[in-house]
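In what comes next, subunit A is part of two complexes: it sits with subunit B in the first one and with subunit C in the second one.
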Partner chain A sequence: GVFAHLEMLEARAREADLKQTAMEQRKEQLARLEARVQELRQQRDELRAKVELQEQGAEKEGVMSDPAQHSAQAVLEWKIRKVKSTLQVFYLTGISGKLSKQGVCFCISTAYEGTYLDSYYLNLLTEPQVRIHRHSIPVFIPLEQIAKKYLQTDIRRFLSILSDHLNAYVGRRYQADQLQEHFSDRIEGTMQRNSLCNLLVFNYNPSSKSKTFPFNARLLYGDLCCSLPTEVVVSCAPAAPAALAETAAAHSDLFRRLALHKAFGSFGSARECVD
Partner chain B sequence: MDSSLCQAYKDEIQSLEEEIRLLAEKYEDNQQESISFSDEEILMSINSFQKEFQKQSGGHEFPSDLKAQLESLETDLSFLMKFTGIQFTSHSKKTMEKTRNRTVQKHRLSGNCHSLSFELEFQLLETQTKDSVSAVITDLSIMMESGEDSDLSKFVSSTEEHGNLLTFFRSLSSYAEWHEHRRCTFLHFK
Partner chain C sequence: MDETVAEYIRRTVLKIPRDEIKTMLQKWGFLSETQLQSINFHQTKDNISQDVVQCCEENSASIKQAALLDITYNHSYPNKRMWSVYQMNKTGKEEIDFFDLTDFRKKFKRQLRSALKNVTISFREYENNAIWIRIAWGTPYTKPNQYKTSYVVYHSQTPYAFISLSVLKSNLPLLRQALVVASNYQDIHEMELRSHSLNSLEDMVFKRYSQNFETYCPRPLQESTVAPESAGLRIVQENKNEKERIRRVNREVFGDGPQPKLEFAEYKLETMFMSDPKLEVLDKKEPFRCMVKFHSPHLLESLKSLAPAGMADAPLSPLLTCIPHKARNYFKIREKKAFVPGSFVSP
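And then the complex of A and B:
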């Protein structure tokens, strides 16, 4: 009766109270966010003006900065950044590194034409003899063989040959990846390859419009320091027409001379269907 | 209506913070790339920096961190130049484009490898993907005195065409050594 009614009124009042508080909180939050946006907008505008001023000033070439304007700390920091930046350029040359207390940590970088790919590190200790402490060279690269031959007598040669192996491996892998990525419609399924990427086998059609893959290609890269194959066999079904056999021979020659993804690129997109 | 306004503010805050971060980096880069200090000025700064902090902190070690850092970096650099035979005599770079995922810098580099000197210009595009940074060279231009040597000039133009900066340096090392050896041999017979 009365009590139930009173409870209901109390509940309603509490609800209204809560709603009121929530609304006020939301208002406060919006106000805070708005203030923050204004603050950041101003900061951004000031920075923009600063940078514009810089870039206008830079149009006058050869303006040397007055060293008295910069604190000794700022000058040092500038120099540190400069040296770091030159060290980064060494990364682009293929051999870079850092001295450590017990030796050197070399970094061998790899690239295919203008694209830099994986880099590998090699931690060498120099006392009592030069030896390999730690490295990230993949297991299928003949590191021990190369080290046995050159590490003690000619470190430069050792690194150079190791770099040849790594660059060639990465180059072969890059070609296979590019082929799989950009010409997947001309290859049947996924091509077969080993971890060293020196044996590739796949069925393909130079034309992208067909559903059959009349050619089988087997590429063997006998020279581990080379990213072009030493042996190419392109075959088609024994009952196939002579024209197909001629094409197979032509492709066999092509794959020996041109990088795989570039060879496929040369097939063009508007070829007659090879059925 | 309320909550969408709230979200709009939050989105704008995020994009403004990003923009501010990029602008601040751009300002730093521009500063770094436009000013230049001579070796003497740097030496003077190292000395005055040490004195400043020795006064303030009563001879504490830690502020010399910057000096130690610089020394360690310079030791690494001089080791690499000696080891590879590649000496860089000047290097300048200019940031052409910088967004959250992409940086394009134009580099000018000159130096020599034994007696062969070179001057390079190239653009370096660095793209940030979720796991790593990829680097691609474009617009490579190589200037080398290759006068009598047609093989060398053929090599240089083919390298330029494909942006093969890495191959250029690796081949330069071995070619320069051979060239030096040949030069010494000729001098010996004169």
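And then the complex of A and C:
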């Protein structure tokens, strides 16, 4: 009845009171901790400032007393710039190197007719013998063969021959890619090639507005250090007219002398009407 | 069109996620544009596959074309298969290899068929000089089962082949022989390297992943921007130097680019148990055999992040970091022999 109700109200009042005091206590504690944090931060900042001041003081003593050091600094910077540009020049020549902890790391940069292409790396160890540690040379380049012949005896020759192989490879690949990209309408489908790009086989038509491809070209690159083919066979159907056979022979000669995409470029101007 | 061919095409189409079906069919190149336009690719896969079979019926598809569809599917989803890497050697011959694709295909087919007549062999070449070979196996008395296939990926003029055998291990010697003969090598052996990620296997073996070479090369270094802590003023990095050292060492070991993707590395230990002699744990002086296997969705990336995350010391053990360089994920570790100062990891 009424007493029960009164008891309930009393209990509620007590609870609310307890909650209130607990909350106030928490607030106080939070305020204290925040003040402590501020204190510590201030201390840290003061200490930091002290350390910086000490360091600066030490520096100032060194610098202020010797104005000549300024110009020495400038000279050093000039020297560094010069060395950097020399290294840049070496890099552009195609073979550059850097001494590493256990040997030398070479970078062979390739290019074909003015276009810079891929760079390949060789990490050589020099102790106890010169040998290859790591590299990024494509696996189809005969690296082991070249190394066996020249690495121990003549590093310059080794690098030069390897560079020739790589440059010729990227050159052949570049020509094939250019042909596929810019003259795809004159070639039947995609041309047959391989990893080294030393054998290309394709059917083509020198004029672009045609639907037939009467010529078959087979380019063999017998010299891996060369980006022009050593053997070219251009053929057409046995029943084809003589004029076609003549053109085939002319093209055969052309492909042997001129880069592939340039040869195709020259077709456009000659306006061969082959249907 | 053969019933079995129709069923095979239907089942292959069902494997493809619905959104990819049109692209896959275009890559396949067997159906014309008009035929592709006529198919509603928003219906259920069951219906789409029926429509595709219908179009193939119009074009009189044979098992040859169906096989090419299977190659197209597997080329788009190579990670569904487990690939092993094989290495071939040839001794002495210094002659240049003019790899002729037509020649290769002829030799491969001839060699394989001479051992087992009932096989379906299909080839497809892709731009990166990768030749995909699909073989469906039969037996001397039964026709080839199109659902029992093996795949070989071979890059011309390289000594490496990637084989996903799947079934019938007894056919492996035939496959190996055909490969060796067709590619002008002398013998072939399996490397200790296996993964689902074909691209990563290729990257490792062809050294296409980013190795860190010390050069003066004026490539613009990608400065890894260490993102400032969002808490800003209230958190201070007291061990900046150590963090910097760990980052530098990690970079030297792993390079800058993404790591090849491997799912596991297995180490078989045959080393002596190093215990306190007083404990006399093992009476016999025999190597203690055990195997440690690391599993991860991307093992090398997780190894790369161990030191920066504070879970391991930098530099990591060379046993872990040599994985891409040695191109292997199966190792046997024996006791260091007194006379061999070099690596104690057996080949």
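The definition used in the following text is that the second predicted complex is superposed on the first by the 189 of 275 C-alpha atoms of A that agree within 3 Å, B and C clash if a C-alpha of one lies under 4 Å from a C-alpha of the other, contacts with A are read in each partner's own complex, and residues count from 1 in each chain.
One rule holds for everything that comes next: a contact is a pair of C-beta atoms (placed from the backbone, for glycine too) under 8 Å apart; a residue touches a chain by one contact, two chains touch by 3 or more.
A quick note: this is a predicted structure, and the numbers were derived from the prediction, not measured.
Visitor: Look at A:Q29 in the shared chain and tell me whether it touches subunit B only, subunit C only, both, or neither; answer first, second, both or neither.
Guide: Touch partner of A:Q29: subunit B, not subunit C.
Visitor: On subunit A, which partner's contacts cover more residues, subunit B's or subunit C's?
Guide: Looking at subunit B versus subunit C, the one contacting more residues of subunit A is B.
Visitor: Looking at the overlay, what does A:C225 touch: subunit B (first), subunit C (second), both, or neither?
Guide: Neither partner.
Visitor: One more residue to check, A:R134. First (subunit B), second (subunit C), both or neither?
Guide: Touch status of A:R134: second partner only.
Visitor: Looking at A:L87 after the superposition, I want to know if it touches subunit B, subunit C, both of them or none. Which is it: first, second, both, neither?
Guide: both
Visitor: Quick one: classify A:A49 as touching subunit B (first), subunit C (second), both or neither.
Guide: neither
Visitor: Taking the superposition as given, does A:K98 touch the first partner, subunit B, the second, subunit C, both, or neither?
Guide: After superposition on chain A, A:K98 lies in contact with both partners, subunit B and subunit C.
Visitor: Taking the superposition on A as described, I'd like to know which of subunit B and subunit C A:R156 touches: first, second, both or neither.
Guide: Touch partner of A:R156: subunit B, not subunit C.
Visitor: Let me check the overlay on chain A: which residues of subunit A are in contact with subunit B and also with subunit C?
Guide: The answer is residues 84, 87, 90, 96, 98 of subunit A.
Visitor: Which of the residues in subunit C come into contact with subunit A in the complex?
Guide: Those in contact with subunit A are residues 94, 96-102, 125, 127, 129, 155-160, 205-207, 211, 213-218, 325.
Visitor: So in the complex, the part of subunit A that touches subunit C is made up of which residues?
Guide: Touching subunit C from subunit A are residues 84, 87-88, 90-91, 96, 98, 100, 105, 107, 119, 121, 123, 134-140, 142, 145, 190, 192-196, 198-199, 201, 220, 222, 224.
Visitor: If you look only at subunit B, which of its residues touch subunit A in the complex?
Guide: Of all residues in subunit B, those touching subunit A are 2, 5-6, 9-10, 12-13, 16-17, 19-20, 23-24, 26-27, 30-32, 34-37, 41-42, 44-46, 48-49, 52, 66-67, 69-70, 72-77, 79-80, 83-84, 86, 88, 91, 93, 107, 109, 124, 134-138, 140, 162-167, 169-170, 173-174.
Visitor: Can you list the residues on subunit A that touch subunit B in the complex?
Guide: 26, 29-30, 33-34, 36-37, 40-41, 43-44, 47-48, 50-51, 54-55, 57-58, 63-65, 67, 70, 72-73, 75-87, 89-90, 92-99, 104, 109-111, 113-116, 156, 160, 163, 167
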